[in-house]
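Consider the two complexes below, in which chain A is the common component and chain B and chain C are the respective partners.
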Partner chain A sequence: MNFLDVRRETVFLLRKKSIALLLLAGFLLASFSVWTGSVDVAQQHQTIERLLVGDSVDREEVTHKHHDYGYIAYYTFHLTYAPPSPLAFAALGVRDIYPWKHRVRMLALEGQIHESDTPNPELALAGKIDFTFVIAVFSPLLLILLLHDLRASERAAGRHDFLVVTARTRNSLWPLRTAILMVALWLALIVPFLLGCAVNGVGIVDVFMISAIVLVYLLFWSVICYLVARLAFPAPVLASLLLGGWLLTTFIIPAVGDVVIEEAYHGPEGGNILMTQREAVNDAWDLPHQVTMDAFLETHPQWQGKTQTTSLFEWKWYFAFQQVGDEKALPLAIAYQQTAEDRYRAAGYIALLSPATLLKRALTHWAHTDAPAAWHYEQQVRAFHAELRQFYYPFLFNGTPYSEASLADRPVFTPYKNTER
Partner chain B sequence: MSDVVIQATNLSVDVQSKQILKNISFQVLKGEVLALLGGNGAGKSTTIKTFLGLMKPTSGDVSLVGVSVPTNPDVVRKQVAYLPESVMLYGHLTAIENIRYFLSLSGKQKSDEDIAVSLKRVALQSSSWHQPLSGYSKGMRQKTAIALALLRDAPILFLDEPTSGLDPVAIDEFNRLINQLASQGATILMVTHDVYGACHVANRIGLLRDGELVGMFDAPAEGNIDSEVVHKAFSQGSEA
Partner chain C sequence: MSNTVLTVARDEWRYWQRSRLAQSVVILAFLLAIASVWVTHTSVSHSIDQRQHQQAESEAVFEAQPDRHPHRMVHYGHYLFRSPPPLGSLDPGIDAFTGNAIFLEGHRQNGATFADRKQASGLTWLAKLTPAFVMQVLTPLLMIVIGFGVMTREREAGTLEFLKVQGVSPFVMLAGKGIALAGAGMLILLPLFLGVCLTLLDGAAVVPALAFLASYVIYMAVWIGIVLLVSTLASSNSSSFGSLVVVWIALCLIVPRIASNTAGVLVHSPGKLETDFAVLKQLREMGDGHNANDPAFKALKDNLLAKYKVDSVEALPINFRGIVAQQSEADLTKVLNDFAEQQMTQQADQAAIARQFGWLSPMIAIQNASMKLAGTDLENYHRFLREAENVRFDFVQSLNKLHAEGMTLEQDANKYKSQAAKKAATVSADNWQILNDFHFTPLPPTQRFANSLLAMTQLVISLAVVFGVIFYAGRRV
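Now for the complex of A and B:
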């Protein structure tokens, strides 16, 4: 096989209208997905910008209106967020299912986090048509259409034997045609992606890695198509075989896997956590202050001797029972997280049977839009909320006179750098 | 050194448990034209496909210039030009584009002049050279394929019903071309059921019947052939 072979087959194949149309379809699909992904990511950035401005305005208003640490802690919202990575436009991942922004207050946190449940999104492929979806789901379909009748069509036209006998080497015909069509499809899909990368400021390493992953994925399907196309069956039979395999691995296995995982891994629901925490908080209103404070001191012994109250409502008691509410919900929150991680791990095993799911996991992992990225953000929120408590508790429990200047040291949420790449 | 170019030795080919060729042996010498005659299902095309490496012998061997075809198909194909009964070149390409494509596929490069000369040799009208083959008649497509075979400069030619679809004038032209190629040293194995045509171009004629080589004789001078020979070649069904 030499350059002349490659040029001959490339010119020959691209002159076929059916091939040109399929490649155009791939290019348009990829372009559409890159465009919608870029718009989605831009909207997320705009939302963050808008919320940051609003957050700042709200905080100033609260600061001017109230002159008490308790009121300020209660009324002030703090924006936390996980900005989309530059690569998120290509792999929106689970950001439409897991929250990527919370405006948290000093109140009990777990209820704020678990306002909604998160299922196994990595197995639910029928989602947004982002670049990952186009590659994982549509590209094998395009390859099947391009390659299934590679030989069958020539056989049907009575040209197969003539081509085989005429070809200088075995590799200069069928393998070469397969390779050219695969590379042509890869280019049709990857060019819009590269434009999207340029617009979204994706780093060269990410560009290279994603391009390589997509190429490997297409190579995998090309080998499957090539091997099936060798069978001496009519083109419709070969297409049915390949489409059956595509359907099985892309939709049926993930769907069945989702059901199996749901049945196999049981854990608390987000609503349970929310209710447990709220009930603990609500019950506290009817309990003697000392009962709440005793529970609080078990985890915060440093405030021993500073928890006595002299009136029916005091902020330190209020925030103490918020803390206790969180602590009561904590075992459920841990179990919830453990279940989510177990399901994610099991979904990883299912993905070994579903190349499309495996690809989706790889791309969303690389784009920091997968479930572990969302959990990481949750942990950031918890850590930030703990910082807020550490900041306010000394003022509340020591009875420090209010000073607006002290608020300059109040924690500010800093998004994790990895999400920005 | 032997002049044997094409050789079948005790060749048997089974397809789906059915024996298509039954222990046939023959040789074709350099510059010789051998025509295998037989009716439908006699095993003519199977013989050619086995020499082309498209089918494998169940037993026995086929070789070209001493090289076994089943074990070295790529090596021997480089020396072979093949003309199927009804070659379907690409309909969306013109005659010249088809020829260029298949020449390149075989690793040959020819000038425009060479291609024009070849197309003239097969008497394909020059006005059609740049027309897509989808508008060609069967005879015109066959002429294009013959031109391509000539351009391959292959020392060995396998022709499967080569004159099928050609008009009488074109058949005559074709026969002259074959004789010319043979006189230049090409070795040719053709299978046909056209007894009279075979007598005009072949040096020897083999009779295939029900997968067996039942006879081999020199082609009669002047193309005259005994009607008994014709009967033997095509009466397999009625004699069974």
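Now for the complex of A and C:
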């Protein structure tokens, strides 16, 4: 095999109308996905910008309106959010299902954190084309169409035996043609991606990693197509076999796996968390303050001796029962989260049988748009909410007179910067 | 003539019986259809039971609350659960993407929480094993695999010319092949037919259920037409197969997602969080209903004083705080509803754009027809949200009425002074029987049928176009 072989075969293959059309389709679709993905991510950034402005205006107004730590803590919302990573344009992931923005205040967190500001469910049902979809689902189909009749078409044209005997080496015919088509498809798909990376400021390491992962994925499907194409059946039968394999691994195994996993892992219903928290918080109104305070002191012993109340309503008691309500619901919330994590982990094993799902998990992992990234954000919100409590408790329990200056030290949510790994 | 048609069909069936590929495809499709109907029906029936149970429990818990200050019950709140409609067990539609419980309380419109998707394995990113998905996406591909060669095979084998010479017109051929494909299609649709019978037993309305079935029959006919057409036009088995797969990829995988991307980019729908700012701002201007001394309520106060001809709120025969609570809830609800309607309109606009793509892809058309007839589409979800808001407003206002009439302003103002004063500012638990049994029902059957007409028209026109072209192409065979 030499350079002349490569050039001759490349020119021959690319001159075929069907091949050129398929490559063009791949290029157009990849471009469309990169374009709409970039618009989507830009909209997410703009939303965050607007929220930040609105949030600070709102907080300013609340701060001027109230002059008491209790009221301030009650009425002040704090924006928490997870900005999309530069790579998010290529893997939109589950950000349309899991929340990535909240406004929390010092009330019981379990009542706030499960709210999701979900976009249009009917669009979510149709799904979106992102680069991940183009690669994981669509590119194997293109490969199947490009490669299944590699030999069958030559056989049908009567050139097969002639080509085989005149080939310079064994590799300079079928493997070479397979490789050329695969690389051509890779280029058609990756060029729009590279443009998207430049626009979105993706780091060079990520660009290389993703390009390499995509190449490996195409290589995997090319090898399968190559092996199947060797069988001496007519082209439609070969394509049916390949399509069957694609259908099975891409759609059927994941769908059946999901049914199995749902049956295998049961956790608490989400609604039960809210119910438990609500009961705990509401019952506290009818309980003697001491009962709430005793429960509170178990986790906050540093306020021992400062929990007496003189009125039937005091803010420190109010926030203490919010805390106690959260603590009551916490085991359920942990179990709920555990179920989600168990299911996601089990899905990882099923993904081993589904290359498309495996690729999607890998890309969304790199783009921080998968379920674990969403959980990480939820943990951040929990940590921030805990900081807020740590900030207000001394004022409430020590009975410190209000001073607006002290609010300067109030915790501020710092989003996780997804710029590099 | 009709005998010849049947002979052609029978011959095609005999060919499939000898072909292992065709056999395995039909068996696979049939099994998938049965499995999807069984799995989805089981899981949807389970969640119907569960949500109805949760709904009953939620009402019982509310009504079992002890004597309390009514405003406490406003914040205690109430839960509503949405049960899927009977046909939802064949097409769950957007059910997995929307929250299925909603918490109702004073001064706030909460979104529906806990969509099933949040606890899912993540494996269903492409599809869930539902009858809708199997029928809409998978069966067309399987029809292609068994049918791509119906005409090209005869052409490649040279039998087409032979038959023509014998006086078999191309239309008779096409009709026979069409009947053969329709037979396979009906076999694959059989589990869906049984599923529809099951939902009728579960209480599904007859008209939407029949239309539901009919829409899938038309959809199947469109695909049979596409297969016949491409096989007629193509010169060889390979090109027929390749073109059909390209058509399937475009219609079932690509166009629906292009529709969704396009709708999302064309109509921007800001989330609830953003509109909340505007609500909070208006709220501050309207005054906080917890604070009867808020200057915003001065006009209300002056009106009441004039009406009852007294000169202080203490002298009013009703509790001024309760009146303020009622008034501010009503004002606030107006604002909240404005924003909620705005958001629903944006979502409906997005959906309307996506649905127009049904003219291009029968898959989008069947998806919409099916969801609309099943009552699991966006309109029905919005209906749930609106009904929930009505329930919320009614129960909050009846509690606020108790707040105004069940105690004096003095009792209310002093409720934190002592245990006895607190007790004086409560109303009896007998008053908590204000909830009606909530049971979400989708739009009435005729309305659902009417809503599906656009999608149905798209399907019928696709069918007409495909068969029109076949008629044209048939003359030139």
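Following the convention adopted for this analysis, the second predicted complex is superposed on the first by the 405 of 421 C-alpha atoms of A that agree within 3 Å, B and C clash if a C-alpha of one lies under 4 Å from a C-alpha of the other, contacts with A are read in each partner's own complex, and residues count from 1 in each chain.
Throughout what follows, a contact is a pair of C-beta atoms (placed from the backbone, for glycine too) under 8 Å apart; a residue touches a chain by one contact, two chains touch by 3 or more.
Computed from a prediction, not measured in an experiment: that's the story for all the values here.
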Scan A:K128 for contacts with chain B and chain C and give back first, second, both or neither.
-> second
Looking at the overlay, what does A:L189 touch: chain B (first), chain C (second), both, or neither?
-> neither
Give one of first, second, both or neither to describe whether A:D5 is in contact with chain B, with chain C, with both, or with none.
-> first
Report the partner of chain A that touches more of its residues: chain B or chain C.
-> C
Where does A:R15 make contact in the superposed view: on chain B (first), on chain C (second), on both, or on neither?
-> first
In the superposed arrangement, does A:L332 touch chain B (first), chain C (second), both or neither?
-> neither
So, does A:M106 touch the first partner chain B, the second partner chain C, both, or neither?
-> neither
Of the two partner chains, chain B (first) and chain C (second), which one does A:V165 touch, if any: first, second, both, or neither?
-> first
For chain A, which residues lie in the overlap of the chain B contacts and the chain C contacts?
-> none
Footprint of chain B on chain A - complex, ascending = 4-5, 8, 12, 15-16, 157-159, 161-170, 172-173
Would you tell me which residues of chain C are touching chain A in their complex?
-> 21, 25, 32, 35, 39, 43, 50, 54, 58, 61, 66, 68, 72, 75-77, 79, 81, 93-94, 97-99, 101, 103, 110-111, 113-115, 117-129, 133, 137-138, 141, 145, 148-149, 236-238, 240-242, 245-246, 249, 253-254, 256-265, 268-274, 276-277, 280-281, 284, 347, 350-351, 354, 364, 367, 377-378, 381, 415-419, 422
Considering the complex alone, what residue numbers of chain A touch chain C?
-> 18, 29, 32, 36, 39-40, 43, 47, 50-51, 54-55, 57-58, 61, 65, 94, 97-98, 101-103, 114-129, 133, 137-138, 141, 145, 149, 152-153, 156, 234-237, 239-240, 243, 247, 250-252, 254-259, 261-262, 267, 269-271, 274-275, 278-279, 282, 285-286, 311-313, 336, 339-340, 343-344, 346-347, 350-351, 354, 356-357, 360-361, 370-371
Chain B contacts chain A in the complex at 49, 52-54, 74, 77-78, 80, 82, 84, 86-90, 92-93, 101-102, 104-107
